[in-house]
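I'd like to ask you about the structure that follows.
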Amino acid sequence: MVDRKMSTRAFNVSEIRKDFPILTQQVHGRKLVFLDSAASAQKPRVVIDAMVRVMEMQYANVHRGLHWMSERASDAYEAARDKVAAFLNARAREEIVFTRNATESINLVAYSYGRTALRPGDAVVVSEMEHHANLVPWQILRDAHGVELRIAKITDSGEIDWESLEAQFADGKVKLLAMTHMSNVLGSYTPAERLVAFAHARGAKVLLDGCQAIVHRAVDVQALDVDFYVFSGHKLYGPTGIGVLYAKREILEAMPPFLTGGEMIESVSYERATWAPPPYRFEAGTPAIIETIGLGAAIDYVQAIGLDAIAAHERELTGHGLKMLAGIEGLRVLGSAQDRGGVLTFTMEDAHAHDIATLLDRQGIAVRAGRHCAEPLMGRMGVSAAARASFALYTTVEEIDALGEGLARIKQIFK
Amino acid sequence: MVDRKMSTRAFNVSEIRKDFPILTQQVHGRKLVFLDSAASAQKPRVVIDAMVRVMEMQYANVHRGLHWMSERASDAYEAARDKVAAFLNARAREEIVFTRNATESINLVAYSYGRTALRPGDAVVVSEMEHHANLVPWQILRDAHGVELRIAKITDSGEIDWESLEAQFADGKVKLLAMTHMSNVLGSYTPAERLVAFAHARGAKVLLDGCQAIVHRAVDVQALDVDFYVFSGHKLYGPTGIGVLYAKREILEAMPPFLTGGEMIESVSYERATWAPPPYRFEAGTPAIIETIGLGAAIDYVQAIGLDAIAAHERELTGHGLKMLAGIEGLRVLGSAQDRGGVLTFTMEDAHAHDIATLLDRQGIAVRAGRHCAEPLMGRMGVSAAARASFALYTTVEEIDALGEGLARIKQIFK
Amino acid sequence: MSSTVQELYQALIVERSKAPRFAGRPEVFDAQGRGENAMCGDRVQVFWQRGGVVHHEAHGCAILTASADLMAQAVAGKSPAEVAAMRGAFEEVVTSGREDLALGDLNALAGVAQYRARRRCATLPWAALEEALREVQVHG
Amino acid sequence: MSSTVQELYQALIVERSKAPRFAGRPEVFDAQGRGENAMCGDRVQVFWQRGGVVHHEAHGCAILTASADLMAQAVAGKSPAEVAAMRGAFEEVVTSGREDLALGDLNALAGVAQYRARRRCATLPWAALEEALREVQVHG
């Protein structure tokens, strides 16, 4: 692993918690125990400050300004692109496109790449454990463009079913494999390198939905050799309103624009327009300047702590959480993959997921409940709704114990 | 005009300037004179504070959370929708869709409405004075969907040429008129009410690009009876990363989604998905939560000052600016519409627009120079590039005088 | 156990969710309605018999089941018009959080008002019942 | 007038932009190249004659025109290889802002380094000249 991912500061969770102002808040008179970071993470002081600093000191529209404020804002905006490129170990900064969120990133690929590089009769494969964001855009592509959509099965443990995957690829029609890098429900990591090699050997490109994985683990797009990688800033301790699409340069260069308007243009007449090169071709209109700079600060923050240290911390939390939940009778954790991240989704015999969430909330503990934007997966796992506790770099073992006590109380109520 | 648009505080520009932290900044050792607000406006303290407050005190992902933080964030997010609805005097909150920026709003309409409600052979009309954001998406629609794109002429003064417009509508093929509500180059307002009545009488719907108009003037979508209205938060003293699409409810209800994924779904199986009702159908993925709340604060701010007071202030500035510029020999202001807002675009005989911008910047004065994302319009006006000074509610007469002195110095240099 | 934890899930709610008194599909009924919360997949079916006898089949959380059951109890013998008025009053309770003495046991659900996302759990059975009663009105 | 206002637009730049010495399309030339800045529409054409005589037609800002003219002066009599080296040194000056004594009058443009968006105005003529010289190399 390269230097850039090394920890430069010893991991000390109580020090880290001081970086997050919200963690001192109270809810219903209780200390907030925030176990919903997989939905969206809290923001460290440095991210908030970076955004404030832009607005107070160096704000203007970017790129087209010939004045100082605009040059400074452009510098900061483009510096964030460099940070993302370094974070993913992209070959070039031009491979980083800024979007609103991972959902838009996937839609961009489905519209622009999907409707030009893929042809009617080609097939796209996704897995049974996709977030809606990595399922519905491909259904739309199927309906609008005549591409076939295939669903690769998962095992009951929540891992890729390789037999099923091989079967989907057997007829040679598959041109794109779009898969999560870590399930937001089951917590399973998918074996990205192996998947990419598998798909490439069969002539298909690969998109990885890195929304969850990017938060928990160092990602090296060159080592993975992945073609597209997407994630959202808000889950990586950054602001809302900013997402990332990484794609290999030669792929981006061949893609037509998706949204059109200012900034993404080379020249325009009343009759026609020609496009700027990537990444600008894909960034129409005024970008999320403040948010992009905020994301840059979030990446700096995460890098300073070190993805390896974060991963180790979260492994400890996940192990502790699994053990704790295993001790609760009638509780079922969805998925049992070997390689899993800090997301624990579960059902309880006595209490419905919504009741669990509400009753935990009364104790100051925030978990999510419902279908987790993965409705078909819920059906696949045989449940209609489930509760989910998810961990971040600021989560503590004590918070997981608080969850355990909270669940015990709920069992009491419904006993 | 209704109460909501009345001023509730006397207009005092030096008091107002205290609300904008950035205005005390220095550039090249000079006091910043920011005359580039039409590109993007500066942010008042209340907007910055609102964003900080979310991140420090009430942040979580919205809508699907059953816990306190998520409910509070959802409340604040949806309250911003109410504020936008009231600001535009929309009939219902469901008519307000949040996007990234006006560019995305127009693209959304061009993709979703354009490819379903419009049919090959139908025509769309835009004017000669559109921002690229309201031209290129229609060119794409033309090329992809076989819709005809027609350009209505403007007069040399920068106003709609009604004869040309009538001619474009003569064959009854026009189904959509998409036009700016105020030109970002010429400053001209278009007569929105008359345009809407004209188009409706001929069976066409109307989209108004309100990016510039919304900042300077109260907009009442019901009084205008306009079908689509778009604007960006960042020009209205709000954050980047947030834009608005207003559309009449029955139109939105008939439109298919554009981006797909989480949040915009009613239910999903591996085979297909059904859509949530508007506005959620059009808000895929995690929205720009922090930025939407920031936009709500910006609208509160503007409403507290009062659009009428702002408009009056800006009329004064524009009159003063026009007089000042008229006194500079060899300077030409583009456009001379009767009804114009606080945007003055000009060329000088002796100096190229870029040189003007750079030399003004050395004096701390920020103006924009180039084609202003309206390249065809520049050709129409017979110039290749121009400088633009634009005014906001915090702009002063003294700043306009500083511009005059700056331009005089530039003339000196190039004399 | 702290009172804040319990206040929303009063004994009555827990009891009725675990052992509803009006659960099950009757052999005969005169109208039925259904409700589904697309957000979570919870669903409820309501069966109405002339004279105002109501049963339900609820698949979902405790709030949904208890609300369906308390509704069936409250509307027993009531006319469609009375049910409609009662529904309005109930929705006011779960929106405002203020109890309405006339509603009796239904007030057990007032705590839901604090949870916007949960209000729909409480009101879904009422929407299903309204659908059933619309059917009655149409077919006489 | 303050020095900061003027430093970027030294007398030399203003003078050469207003009265360029190497402007105009010669009757005969051996190669030509063009450059356009899509962002603003500025463009320049460069004409090269064997022996290293260069003329230009610049349509754009003072920086562009002055840069084209100072370039024509600087490369007079130089070989393509020397031109390439000089271009590299010049780009370093307008990027770093540090003058390079070997470049003489071209250093007048060093101030452009402070304006990233304007650097392209200064370097565009050099890109056009390179295009012309590529043509020479291809066709011998």
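A, B, C and D label the chains in the order they appear, each numbered from 1.
To be clear about the criterion, a contact is a pair of C-beta atoms (placed from the backbone, for glycine too) under 8 Å apart; a residue touches a chain by one contact, two chains touch by 3 or more.
Just so it is clear, the model here is predicted, and its values are computed rather than measured.
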- Query: Remove chain A in your head; which chains still hang together?
  - Reply: one piece
- Task: Identify the chain pair with more contacting C-beta pairs: B-D or B-C.
- Result: B-D
- Query: How many angstrom lie between the CA centroids of chain A and chain B, rounded to a whole number?
  - Reply: 31
- Interchain centroid distance [CA atoms averaged], chain B/chain D, Å: 39
- Message: As a quick test, compute the distance in whole Å between the mean CA positions of chain A and chain D.
- Response: 47
- Item | Per-residue multi-chain contacts in chain D, two or more chains | 39, 115, 118
- Residues of chain A whose C-beta touches two or more other chains: 28, 64-66, 267, 354, 358, 361, 369-370, 375
- Message: By the document's touch definition, which label belongs to this structure's chain graph: line, ring, star, complete, or other?
- Response: other
- Message: Judged by the touch rule stated earlier, which pairs of chains are there in contact?
- Response: A-B, A-C, A-D, B-C, B-D
- Note on the structure: Contacts from chain B onto chain C in the complex sit at residues 63-66, 70-71, 74-75, 265-267, 276
- Message: Please output the residues of chain D touching chain B within their complex, sorted ascending.
- Response: 1-2, 4-9, 14, 17-18, 39-42, 59-63, 115, 118, 121
- In the complex, chain B touches chain A at residues 21-22, 25, 27-28, 32, 34, 36, 39-40, 42-43, 47-48, 51-52, 55-61, 64-70, 100-104, 106-107, 128, 131-137, 139-140, 151, 232, 234, 239-243, 257, 259-263, 265, 267-273, 284-291, 354, 357-358, 360-361, 365-370, 373, 375-376, 379
- Query: Any idea which chain C residues touch chain B in the complex?
  - Reply: 38-39, 115-118
- Task: Mind listing the chain B positions that touch chain D in their complex?
- Result: 28-29, 351-355, 358-359, 361-363, 369-371, 375, 378, 384-385, 409, 412-414
